[in-house]
Amino acid sequence: MGGVLDGLPSRVKIDPESVQAFVDRRRPGVDPHTSPRRESDRVELLSGISRDGLTLGSPIGFIIRNTDTRSQDYQEVFRPNHADYTYYKKYGIHEFAGGGRASARETVNWVVAGALCREWLKTMGIEVSAYFEECNSVEEAMQKGDSTGGIVHGVINGLPVGIGEPVFDKLHARLGYAMMSIPAAKGFDIGFGAGMASMFGSEVMDVMNPDGTFRSNYSGGVLGGISNGMPVEFSVFFKPTSSIMQPRPGVTPDGKPCVIPPKGRHDPCVAIRAVPVVEALAWLVIADLVRMR
Amino acid sequence: MGGVLDGLPSRVKIDPESVQAFVDRRRPGVDPHTSPRRESDRVELLSGISRDGLTLGSPIGFIIRNTDTRSQDYQEVFRPNHADYTYYKKYGIHEFAGGGRASARETVNWVVAGALCREWLKTMGIEVSAYFEECNSVEEAMQKGDSTGGIVHGVINGLPVGIGEPVFDKLHARLGYAMMSIPAAKGFDIGFGAGMASMFGSEVMDVMNPDGTFRSNYSGGVLGGISNGMPVEFSVFFKPTSSIMQPRPGVTPDGKPCVIPPKGRHDPCVAIRAVPVVEALAWLVIADLVRMR
Amino acid sequence: MGGVLDGLPSRVKIDPESVQAFVDRRRPGVDPHTSPRRESDRVELLSGISRDGLTLGSPIGFIIRNTDTRSQDYQEVFRPNHADYTYYKKYGIHEFAGGGRASARETVNWVVAGALCREWLKTMGIEVSAYFEECNSVEEAMQKGDSTGGIVHGVINGLPVGIGEPVFDKLHARLGYAMMSIPAAKGFDIGFGAGMASMFGSEVMDVMNPDGTFRSNYSGGVLGGISNGMPVEFSVFFKPTSSIMQPRPGVTPDGKPCVIPPKGRHDPCVAIRAVPVVEALAWLVIADLVRMR
Amino acid sequence: MGGVLDGLPSRVKIDPESVQAFVDRRRPGVDPHTSPRRESDRVELLSGISRDGLTLGSPIGFIIRNTDTRSQDYQEVFRPNHADYTYYKKYGIHEFAGGGRASARETVNWVVAGALCREWLKTMGIEVSAYFEECNSVEEAMQKGDSTGGIVHGVINGLPVGIGEPVFDKLHARLGYAMMSIPAAKGFDIGFGAGMASMFGSEVMDVMNPDGTFRSNYSGGVLGGISNGMPVEFSVFFKPTSSIMQPRPGVTPDGKPCVIPPKGRHDPCVAIRAVPVVEALAWLVIADLVRMR
C-alpha cells in the first residue's frame, strides 16, 4: 500500500512516532473483536520531510509494505454483498488478492494521510475523535459465526467559525462524501441527522447567544455548509461484515450457483475498525477546507 | 440565477419544453403546502445548442431572471438555524437579498442542469424518480405557524452495471455528497442505510441469481461503489424549515439579542419542494459517472 | 457570450466602468487595422456583487449579448487553417455561426474575467501590460488582401516573490498554457525564451544582488517556476489571420474541393486585438496562483 | 523518487522491461556529454498490475530508490539562475539535498508515468519521438567549463483526428504546459511556431486534400486545439545548465555576496537529457486527452 499526500504547508513538524501510533489504531487485534490477521502497518515516509522533521511543502510519499497476504483464501466466485461482481463487470479482470481495492485494507493509506494532516491541524487547537456504538451484541454475532453492523460517531472540536464553502464544498457534504467512501458505510448524519425529518421547526432551533455560541447543537456545528464554532457532530452507519462464518450462496463468473464454505479471517463488525478511518477522513476533509478558506 | 453546464456529448437532442417542464416542478405553488411566492422560473438557454436543437458539445449557458425578489423582507440579524451568522463571519459582508446563496432558490440552477442531463441519459433508458414521505402532518404544522422536516426517497432505474468508481468516486458517495449539498439536508442513506447498523450479516445478504440479478436489494443497487444493475435506492432527510411564523430569538451583528417577528413567506416543509432537486442532482451525478466510465 | 468567475475573495471593490473600459479595448475598430465589425461588448454583471459594489465571495456571472452576428457570412466548407474540419470530425455537427468556439469572439469572456481579477490584484500593487510588435507591415498586408502574424509581449510588474508552484503549476507553465489557448497563438517564450537555446551558461547568468534584486532578467522573473520579484516578461507569437481577402482552396464536408471566395470581415493581424486578451489571461493566471499560495 | 499514475484503462499489457528501457534513456552517462553521476533508476511497480501483467484499472504506484545522492555537494547559498532563492522565500526552509524539487531528477517520475502511458497508446498505433538539436558546440562548452542551451523537437505520429478540446484543453496548450514544466525550458512552439509571427497568411496555408490530409503542416497537426490527423510537431527551447565549472557569484541566505567555487557534477547541456522527458510528457498529455475524448 502507499500513497502521496499533497497540500500540507511547509514547516509543519511531523513526529513519525505519532503518525505510526495513529496508524496502529487501525490494526486488527487491537480490539478483541477484530480480525486476527496480524498485519504489520509500518509506515515508511519517503519524501516531503526535511532531515529535521519539518514538511517541505512538497508531496509526502509513503508506503506500507504488506507482510501477510494469504491470497489463496480468496476464490474466483462472486460473493454476496461483495464487490466481486461489479469489479469484474467494470474491469473485465479477476484479481482477488486480499479483496482488491474493495478491501478495507485500502483504508490504511487514508489513515496515514489523515495522521499527517493531524500533525498540522492539532497545532491550531483542532481535535477529532470518533467512537463506536454497538447496536447488536458483537460477541453474540461472533459466536454464531455471524456479523453485525454498527455506528461510528465523530466529533470535531476546536474548529473555528467559517470553515466550509457555501454551495459546492459544504463542510457536512464533504464529510458525508468522505465517510460514504469507507467500505461498508451505508448512511451518514450531520448533527441530529435523519431524526430532523420528524421534528417540528420550533423544536430544533439552535438559539444563538450574544457571544456567538449556541444553546443547542441540532445543526451539528454547521450552518449553510459553514462551521459555526460549535462541535461538528456526525454519525456513520455501517452494514454488517459481508463475509460470515456460515456457508453462503455465490455465483461463479460463468454463471453457475455455488456454495461458499465458511473460511478466511473476518471481523465480526467492521464498524469497530472503522473508528480510526473515520477520524482520519475527518482530518483530511478539514485540512482541505482549511486550505480552501 | 444562471449557470453553465459542461460535459454533455454533442448531438444530444434537447427539448426546451421538456427542460422547462422539469424545472417548473420546483416552483412554489405547485403543491398547496409550499410557499406562495410566485417565482417565475423561465429558463433561457444561451449557448451550446444548435439551431436544430442538438448539443454542440460546448458549455450550455443558461439564466433564469428573478421577477419577484422582495428583499425588504430580509433583515440584518442572525436568525436561528440560518447561515446568516456563518456567512457574515466567513465573508465579512451583509447581503441578505433573498437569503443569498444559502437560499433554496440557488437550487433552480441545479434543476436546470439536471434537466439537461436528463435529456441525454433518458435516451439510454435511465430513469430517476423521487417522492416525498411525510413524517409529521404538514397541514398541522402550517396551521400552528410551525414547520416540519421530511424525507425524500429517490430511485434510479435502468442504470447499467459498472457505473461508479471503486475508491474515490463511489456512486453512493457522490450521490450522498450531492444530496447533502441541498439546503436543509441532514442525513443520507443508500439502500437500507442506517438501518443496516442494527442488522446481522446473515439477514441482509443480497443473494445473486445466476443471471446477474439479486433476490433482494439491501445494498441499494451499489456494491463496492459500483452499480450492480439493481435499482439504486437512496433517501435524503431534511430538517424543518428554519423560518417559522412565530417570534424567534435572534442576535444582531453587533451582538445584541433581539426578537424576529413572524413575517415573510416560507414553505412549512422544505422537503416537498426538494423532490425535483433530488432528482436533478441524481441526474447530474449519473451524468458525471457515466462520462467517467 | 457569458461566463462565471469563481474564486475572488469577498469585499473586493468592483468598479463596473473600469471593467467595461478594460473589455472595450478588445473591441474591433479601436485600432484602424482591426476588423470593422461593430460588436457591442456591453458587460452585464449578474451575480456575486453586493449593492454597494463589493464582491460577495460567490461566483460572478456575466453575459455579453451579441448584437451583430451575420451568420450568413459563414459557409459549410472546411476552410484552410480553420478549425472547421477538426470540429466537424470531433463533434459530428455543423454550426458555423460566427466560427463557433474557435472564434476569437470567445475570448471576450476571458477579458471580462481578467478585468474582474484585475480589480482585485491591482490593489496589491500588481500591474500587467502587453503591447504589440509588428513583424511585417500590417498596412501592406491589408492592401494586398493578405494577413500577417505578429508578437504580443507581456510584462507583469509588482508581483511579490513566491508566486507559482514548484512542479505542476509553475508560473511560466501556467502562463504558457493560458497564452497558447488564445486562438492563433503558436509560440510562447518566458524571459529570453527560445533565444536561450543558443546561449552559453556564462552569458545568461542573472546575478543576484545582496538585496534580493537581480542585475539582469534573462529568466523573465521566474526561477524554478516561482516568481523572484523581477518583472515577469513573456512573449506570445501569433500566426497570420487564417481568413484572407483572396480566393482560397477549401473542401466540402462530402469531400469535394472548392474555392472559397474572399468575403466576410477579418482583421489583417489578429495579434493586434489579442493584446487585451493576453493581459486578461495574465491577470487570471496570477489570480489563480495568488489564491494557491 | 516515486509517484502514482491513475487513469489507465484496465487490461493494458504492461511490459516492465519496456518500461525500464524507456526510463533508462533518461539516465546520465548514456550520452558522452551528460553528467557522470551514476544514478540507478530501477523502477519498482508497486500496485495496479495483475500477476499476469495487465493493468487493473486502479492507480499504479511506483518508486525509484536513490542510490547515489551526495548532498554534501550542495551548499546553503543562492546560486544564480537556480531556484534556491525562490524556494527559500516561498517555503522558509533550506533543504538542498540534490537541488530539491527543482532538480531535474524529479523528472524521472514523469518518465516512468509516460512509459506506462506509452504501453497503452502504442497499441493504438500512436508513436512519439523527440530529438536534440545542437545550437552551440556542446564539446566546446564542456571544455571551457561552460554550459549551453539547446532545442528538443518532438513529433507525435498516428494520432487520430479529434484529440484535444476546443477551448480550455487545446492539444497544443496542454503540450506547451507540460513542456514548460520541464526544468530549464524557456520556450515552446507548435508547428511553425514563433516563425509564424513574421509570415503572411497567404504563405502558411495548409491546404486540405479531399481525402482529409493536408499539403503542408505549418499548423503542426492542430487546428483550433484539436488534432487534424497530421503529425503533431513541436519544439522546446532549453536554457543552458545554470551550474557551470567556473566560479560564480552567489548570495547567502543572510544577504552576503559570496563566490561559488566550481564543483559538483553537471550536464553541460540539459537539453540532451531532456529528450526522453519531452517524449514522456507528450505520452502523458495524449493519454489525458484521449481519455477525455
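Letters A, B, C and D mark the chains as written, and numbering starts fresh at 1 in each.
Here, contacts are C-beta pairs under 8 Å (C-beta built on N, C-alpha and C of every residue); 3 or more make two chains touch, one makes a residue touch a chain.
Here the structure is a predicted model, which means the values were calculated and not measured.
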Identity of the chain that, by mean CA position, is farthest from chain B: D
Shared interface numbering between chain D and chain A [over half = same, under half = different]: same
Chain A and chain D: spacing of chain centres that average the CA atoms, whole Å: 38
Separation of mean Cα positions, chain D and chain B [Å, integer]: 45
Junction residues of chain A - those touching two or more other chains: 58, 90, 100-101, 166-167
Chain D residues touching chain C - in the complex, by the definition given at the top: 78, 80-83, 85-87, 89-90, 100-102, 106, 135-136, 141, 144, 146-151, 161-162, 164, 166-168, 170, 172-174, 176-178, 180-181, 183, 186-212, 218-220, 222-228, 237-244, 246, 248-251, 255-257, 271
Complex interface listing, chain C residues touching chain B: 1-4, 10-11, 46-47, 50-51, 54, 56-58, 61, 63, 90-93, 95, 97, 100-101
